[in-house]
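So that you can tell them apart, the chains are marked A, B and C in the order they are listed, and the count of residues begins at 1 in each.
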Amino acid sequence: MSGGNPWLYRGVQVLFVAALLGLWYYVSANGIVSPILLPSMTASFAEFGHLLSTGSYWPDLDVTLYEFVCAFLLAASAGCSLGYIVSRSGFSIRVFDPLFAGLYSIPAILLFPLYVLFFGLGAGSKIAIGTTIAFFPIVLNTIAGFAYVEKAYITAARSMGASELQMFWSVMLPAAFPVVLTGLRIGFIVAFLSILGSETIASLAGLGHRIVTYAESMDPAKMFAYIFFAIIIAFLLNGGVSTLEKRVRRWQA
Amino acid sequence: MSARIAEGAVRRPAAAVRMSPGVARLLIIAGLIIFWEVSVRLWGDPLFLAPPSQVVVSLYEFIWNPQVLNALRTTLYELVVAFALAVAIGLPLGLILGLQRFAYGSFYPIVLLLYATPQATILPLVILAFGIGTESKIAFGFTHSIFPIVVNVVAGVQGLKPSLIVAARSMGANRRQILTNVVIPHMIPSFFTGMRIGMTGDLLGVLLAELYVSQAGVGHYTRLFTESFEPQRLFALIACLAAIAVFLNESCRRAERRMSRWHD
Amino acid sequence: MSIGELSKSGRHPPDARGSAAITVTGVSQVYGAEGDPRRVVALDRASLEVARGELLCLIGPSGCGKSTLLNVIGGLASPSEGEVTIDGEKVAAPLPKKVAYVFQESALFPWRTVIDNVKLGMAFQGVARGERDSRAHEALVAVGLAEFADHYPGQLSGGMKQRAQLARALGLKTDILLMDEPFASLDEQTRMVLGEDLSELLARTGKTIVFVTHSLIEAVFLADRVAVFSARPGRIKEVIAVEEGHPRSRSFMTSDKLGRLRNRLYELLHDEIRKTMGERAP
């Protein structure tokens, strides 16, 4: 929808956020909502500032990031290699693509209790669930990327005498790259979210777990502080990978 | 398209493959199940792993277990209610945001911002707010499914080609008629897409909440079976939930396909 | 022969005594087995000879097999029956050192600049790294795209993209050029201009060209001979000689001779086109 005054909209948004903050302050200051559920605004911001300045988030952030990076790397290597192998023949695509797509439709978080049973409450179960969930968008996109390379490119390269290796490096890989990259971006984001979520459910450490401890110990201000922090980390990672994707796309024209 | 793939991707001569892909898939799945059965019996620790035969037995036992059945029924209830709420609120909200320029410019960015926040972080908060019963699960499922619905309805409304409205107006349609006869039918496929994605979100939200804390729902039993090291019952419960998930997802997918037939 | 070397006096119509560069003998292309209801005979025993230095046009209704024949000639497809020989050797696979293609849709790689596209073609063919730069520049100058060497295909217009494809083909320095409706996706005005440029360029280089087109005027304007195809199953109905020197001038475009030849083509093709359309009616 075009038209309209962007400054007006921005103004309304700022007012809206301000009104929410004001409401929060008012509600918590007058005890309308239980302080266990909604801590005072000032206390929450104070805790958040304290959290940032002391860097006490590091141990938990460390654990979460470690689990996340392991999960993503595992999912990416498995997904890309398997995806490429499947894309090599029309038959294997017809066999495996619906299989993966079907499995993707089952909420993989269901496997988490199994992983907890098997790997315990440590990093292992989180890495396992992160890998499982991130694997599917990556493998499906890799298959699609390599399978649907514009036929004209392949025919042209064949007519010019390209060898199999040249065909792969100079034609298939760059042609498939944008789609594969999208899959990697989705996998990246989904891996992080699923690790946060699984840390909340069953863990001994990590950002998600920290939020739970403060919820259970009735320390809502600290809980809010960690929630803000986790959201910011998520946005930074999101933004980072989106920017990276856009920059790479620009080179690809 | 398949000829294009085969010719393009592979240069070796096509083998005379006479097996249908569906049969190949079944064989692979069957092979995996057999492998699962054999390897667990030979090498698996019964505390952590259960062979499929035992899982099937547990599944059968569930039929006579009213508590587990009740838990499954409750979860289904939570899923349906959360989804219904998301549709009931999401559809009108999406229409308003899509059609009203001021609402779109001011509030849609806020909606998108909320959509992008990782809801896993607020799970403990939602539980604190709504308690450990079904309400919190419904709430969490609701927040996960409303956003895709709103976003897709807005996209469906926005995607309307202006030439269609011009054509309708030239035939003398008034605003209400344009709304009911042009805008809404045009938005339906996107709406169903939103519902399909919303259903995935609903499943995620409700299951996350259940796994986090649950009194008598499925989450309670997953915890129970995990802590008492009963993998066959855990597997069986997960299989039931997976079946429910597949059923709901597939229904949404079919509805979406049927409603999108006129679309390119 | 390098692009700059040849005299500008133009070419005469090819020598009737000249050896054939390409010989097509009884080529058929059939999809599906005998008795299969979906069996399609795309090409039915096509035979012709293309003389060295000649520009032969293949024209016909959709589905008549002209592109199929082109692919068989170039070794991109194998025929169900018959054979093709180039310089006496039977064709069984692509011959990158003898045959270069220009395709209909842009088969330029969008992730590489124009000059990199030209160089990549040479890399596939097996040209030494050192030579590629100079040959690429020559080719781009020949098609008039020298200033756009570092642009990406996405930044070029349709006509420029096809020039770039032509540059890539020229860079391969093959004797034979196969062009599959290269101007089909362009508007008529661009086609006319590119047609003139192509005629001028090819007069200078003396390549043997087989050119597939739908356009009657394009066929008469560019070709030494035009092979007219029937509707499916595609058979060569007639071969018409144009007998006009290269490069073709603007005055040829407006001449009576072109008009007469075009009308002849129209007569030959009209019924075949109707037959093709009738096939599609419910």
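Following the convention adopted for this analysis, a contact is a pair of C-beta atoms (placed from the backbone, for glycine too) under 8 Å apart; a residue touches a chain by one contact, two chains touch by 3 or more.
Keep in mind that what you see is a predicted model, and the values were worked out from it rather than measured.
Participant: Thinking of each chain as a vertex joined to the chains it touches, would you call that graph a line, ring, star, complete, or other?
Facilitator: line
Participant: State the pair with the higher C-beta contact count; candidates are A-C and A-B.
Facilitator: The comparison resolves to A-B.
Participant: Based only on mean CA positions, could you tell me how far subunit A sits from subunit C in angstrom?
Facilitator: 50
Participant: Taking the mean of the C-alpha atoms as each chain's centre, how many Å separate subunit A from subunit B?
Facilitator: That pair's centroid distance is 18 Å.
Participant: Would you pick out the residues of subunit C that each touch at least 2 other chains?
Facilitator: none
Participant: Spell out, as numbers or ranges, the residues of subunit A touching 2 or more other chains.
Facilitator: Correct list: 155, 158.
Participant: Under the touch definition given earlier, write down the residues of subunit C that touch subunit A in their complex.
Facilitator: Its residues touching subunit A are 74, 76, 94, 96-97, 99-101, 103, 105-107, 109-112, 120-121, 123-126, 152-155, 172.
Participant: Where on subunit A does subunit C make contact in their complex?
Facilitator: It comes out as residues 152-153, 155-163, 166, 170-171, 174-175, 177, 251-253.
Participant: Where on subunit B is subunit A touching in the complex?
Facilitator: 2-11, 17, 21, 24-25, 28-29, 48-49, 98, 101-102, 104-107, 109-110, 116-118, 120-125, 127-129, 158, 200, 203-204, 207-208, 211-212, 222-223, 225-226, 229, 231, 234-235, 238, 241-242, 245-246, 249-250, 253
Participant: Within the complex, which stretch of subunit A touches subunit B?
Facilitator: 1, 3-6, 8-9, 12-13, 16, 36-37, 87-91, 93-96, 98-99, 102, 105-107, 109-114, 116-118, 146-149, 151, 154-155, 158, 164, 172, 192-193, 196-197, 200-202, 207-208, 211-212, 215-216, 220, 223, 226-227, 230-231, 234-235, 238
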